[in-house]
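Inspection log for the structure reproduced underneath, given as structure tokens.
Letters A, B, C, D, E and F mark the chains in the order given here, with residues in each chain numbered from 1 onward.
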């Protein structure tokens, strides 16, 4: 099992969710985050003060998948989230040792 | 000299800085000259202090309808990234129209001229002193009346902004609204309400602006929505209102302020003002319940957006009728408005496929037209001096229809021309990237945290 | 025909769609018939334009108290998942009561009948033309007076909603409020203020509604809280107010609007209106400081929720007293109200263990009763025509107590019966799952993002 | 006895509980004695109901300026962790000043005394009955006039809070505001407006408070900002406004309420009230556009904070001028105010390096002074009875300058002394840790979720 | 050391925190997230538009624990968060290589 | 590659971001979280009810770095985020198996 975490553009969330559902990923956890990277931020002005806001709104999605789905999950996210402009985001793959479904106590692959 | 300096500045920024500043430069120049107002011979003798008290109050109430009322009503319905840009439109229109009204709008609408437009006798409010009076409001100072009418001129363009929320350039919006005020609002107001106005003379009943304000704004909104095209992602991405508490505050302040709008249109604290207030309250409540009932039955849940929309539809529909109908007529007008506008805002828009973001046309255009027609049906001679269809005067319905038709056609044509001109000159719409990022940050460099 | 169609629709949805729509159907039917209002022979002669100006304004101010005032005051105190449902209650009550008041509420409360209830002479406002006048308000049009009283009838049930926030079904709430208005509010208003009313005739002093509005709403709230039971998780999970900025806006608009409530209860722009406004301001400020001081001393920190609650407690307590007491009396009434209501809202509720979510009883019930009693103490003959205990008229305290007792008993009994009936018919409370999910989504399909 | 108990309590908490409670204890003691107001011989004969209607309304409007208006205008500009503490300041000042005004403030400012301060004839409003009248407002009850002036006394200290947002102790703030009201506001108000006041007698024109309210508050704000020092992190960490929707609501309600402020300063519903309203609207709109234009040109984007700030600057600048100038003069005053205050709030503060958090000085101090001077330039004899420079009366400019100078010097000196005293006694500023955590939680134990 | 991450129902947070404290877990980091899984969402309606909101509010808790506490931590979360209805959430266990306490520079087990 | 996650005080975010930029870390993802630990919370009061709010506002930063940068990243965060008072937060280091840049499809070190 792997935990796949991806940072994407907010307006791409629905497309990514759909393309994940299409390949059989049934559980996703989503967090609103701010990202700092190559994509440049914007300037805000408040009376005397001018701020460069370097953090841009992004969405983090996390989904735990069995090993055999890792490749396809990455591809699904990639194709749905891509706009070819700086700031599309990244996909990170983590080792995952154990999963438990709270409701049933099921473990690992069964718990996904 | 000062105005010259400003003038050259203006030219340099022609594409970004709206025309109003050119006019303002003119104002600065003229101000020094115009400061000598004629002295008042017998000041204040004509004033009824009760009437003036009510009209001062009404002016404050109607201003409150636009800021913060309408600003919040619309602001709560957009996505969070556009809320500041949305409230900014109402606020900036308030400022722009106030100045244009002072310069020439009031004169064009409410001073004698011909059947279609007023004169220039009050250009820069020239000659409006302490003791001036406008024959349309004989018991209050002209200064009060001018400001009261100013607040109507403010809210009308502000209503249009609902139709094109989330996608128009701010500079283009200012140019459009300034020109629209002078080219559409002022003549229509003159024709219906002004001295010697054509439609008013022909007997069109419009107590507080069903035609002048609501049909006018609704149709201009529809045209703008069509010319601008749909929002990026419309129909594919969800665009839920981000904060309906703001919308509820806005709807409530519109309702409260509308007492100044409708009862204030009596231009006096008299019996007709009382009746106008009563029927406004009844129609609004009935419309809100009507919308809610239909929504509850057809879509399983009553919503706060629905009941607020229904209330506004009721306010719109009773506006032309307020000083003419009895409470029972108001109840029917309200119920009809709530139910009909539910269908136009919820279903008709989908069928026809335009993106009137916040339903300026579906609520104000349709509600205003419905109200104008039903005024012809329910008018009571003992209240407003004119009988309606129910009292046997069938012809009134045709007169009302004429008022609607003239307004719709004139408004649609001129609005379309203005938009095309501005689009050609500076472009109407923001870039897709700006729209995605949200107008708050891209146009104004600000955001709600 | 139309009304028949609606009628069968209604039956099919009996459990979901409130009775008001049946009444509305009736209204549609009657409207065509009722449109002929009698002509005005000498219209407007009796009107004092200054008085009418003030009463039109007061009506707008009191409407603003409920929407958006009370809606926000309550909405800010609940959890975020219930904020729309909370403001929806005030808004929907505004609409429902307006229509019911027009249909029959006004007639039952403010037209001659017997000592307990008015007549049906103004059913559907029948016969209320331009020149009508109610003897209770001789210098303004009846249309103004009817609408002014309507805003009182609106806020009273809306106040009750604080007691059962977060757990009542919306449909049950509408049924309850509609029935309560007619079965409790109208008779109590008639007994205290109506022509020939029993309690008013016996000398009970209630200038602007300490008894009719606040005790009435507070007691009904307590009964509802007891019948409905506590919120899921009450006492175990934290339920902090999600946005006290909204509550501050609400408290402020209540305060501002209360000038219309109390000074408007002079039904004229006279000297007593001025004095009522002055004492309202003083008592409110003193109560807010009083609450804050006690809170600061006993709980180490002054809170915005506390100072706002204190202000509302002061407004409540000065309501019956406004036109009867002098500034010095107002200062004491305010201080007492702030301190006493602090204890009832903060400690008494815990001791007795009921869940009056937003303290409708602790603030309005107790504050109203305290104010009613202290009116009997501080009444000044030179101001309101009746002396209080301090001027030697000890009996007034007993008369005040009688007014309170009658209201409490009648209200509690009828409210209990109505609730049990509705519970039997359609159920009062949402499911635990709906409550957990939040009423915004589960009842209205909306949320604040 | 009761007051004794409270008194000893007070001593124990001397460092935390402000002096007002001591005064309140006194009030309780005096109230029983003062309850016998003299009877009215011929009550109400002098009252013009229209004037009274307008002044009752104006009082409500001006109260609305502070709560919720100013509270929101400021509250939206601070960081989220300080929003409740910020709105709390305006709310608590409203309560504190109301009580102090009733006790002694009104008497000190508006009853006969000497050239610098009034007398004590209305201590605890002693002797103010139904039929009392103040010679400054001959057609309305004194109760109305006293309350109207109370709302001015409320907003002036509340304006100061913008200068020291985010860092002052709440207890120190209460002490400071209470003392400042009596030691600075009351005498300045008396000198300019009071019977026999020195500056007013010398011909200083200040229609609605450019000097008394705005310069006064602005200068006190500057001194407070300097004495308190900068916010922790100022200049290093970003401190963007957390919710400019609140600021927009606040600015709008300030604007709407300002009709009561300026047109209400006619103390009658007369022709001058109408003119004051008209010029207020024009100057405000022009100032908002002026600020926006300069911002747009110099900083590339027009902002909602900018246009709102411009509107407030315009309101401030037209305040002293309202009843004296014509519409054309108002247009110039507005434009000038918008542009000048843009520079003082945006650039001057940076150059001079003080931390006037929300620009109380940059907008109110500078805008008030500019307006006071321009009143001397644009005053029109036919409107306010006094000619300005443009009508040949060059001396008026000097008189205006004198009014400004006296206010600035007196205010700055006394404010400085008061602050040092309080700092010595209980400390002015919160700890760095409290400031980091946010005042909402650290001072009030509450937060917006 | 392991990092234990759990997705739970929002109203269960206090109970979970208490049962973790009871077994000696002293540090927790909490994030508001949206979850997509078997539990079905709700419908929202705004005038013409009807949206199926598939993401439900959930709470993510993260706690780093020494190896010997892993079992008990999982059990504590499971028992406190369970309601037996769909949507109770999941527990994920990650390998954790290093921990540093910023204040003191303490490492690994000492830093927890 | 490692994923470095740190919990810090909100007002330290800008300093931490700058010191990370200084050592060449170019991408960061930031989340607003609530932390529970040794630092004690505050009390809130609402009429009758008094709550001890045990969760304090914290910022979580996540940055994926190549192995050779791990040490310096930890140091950079440590020095910028330290105030020496309880509640400064923690740094956690996770193994990271794969990284993909969505825009380009670049992998691992290239994707950072």
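One rule holds in what follows: a contact is a pair of C-beta atoms (placed from the backbone, for glycine too) under 8 Å apart; a residue touches a chain by one contact, two chains touch by 3 or more.
Treat the numbers as computed from the prediction; the structure is a model and nothing was measured.
The fewest steps needed to get from chain A to chain F, moving only between touching chains, is 1. Taking the mean of the C-alpha atoms as each chain's centre, chain C and chain E sit 45 Å apart. A separation of 51 Å divides the Cα centre of chain B from that of chain F. Shown for chain D are the residues that touch two or more other chains, namely 48-51, 53-54, 57, 238, 240-241, 249, 269, 301, 303, 305, 445-446. Across the assembly, chain F contributes residues 31, 44-46, 94-95 that each touch 2 or more other chains.
Taken together, the chains touch in the following pairs: A-B, A-D, A-E, A-F, B-C, B-D, B-E, C-D, C-E, C-F, D-F, E-F.
Contact residues of chain F toward chain A in the complex are 3, 17, 26-31, 64, 94-103, 105, 111. Against chain B, the residues of chain D that register as touching in their complex are 48-51, 53-54, 57, 61, 80, 240-245, 248-249, 251-253, 255-257, 259-260, 263, 268-275, 277-278, 281-282, 284-286, 288-290, 292-293, 296-297, 300-305, 307-308, 311, 326-329, 331-332, 335, 378, 380-383, 390-391.
Remark: chain C residues 77, 238-241, 299, 301, 303, 305-306, 309, 345-347, 349-350, 359 touch chain F in the complex. Within the complex formed with chain E, the chain C residues making contact are 233, 237-238, 436-437, 441-442, 445-447. Residues of chain B touching chain D in their complex: 9, 13, 16-17, 20-21, 24, 27-28, 30-32, 34-40, 43-44, 47-54, 56-57, 59-60, 63-64, 67-68, 71-72, 75, 83-84, 87-88, 91-92, 94-99, 102, 124-125, 128-131, 140-144, 146-147, 150, 170, 246, 249, 269, 443-446, 448-449.
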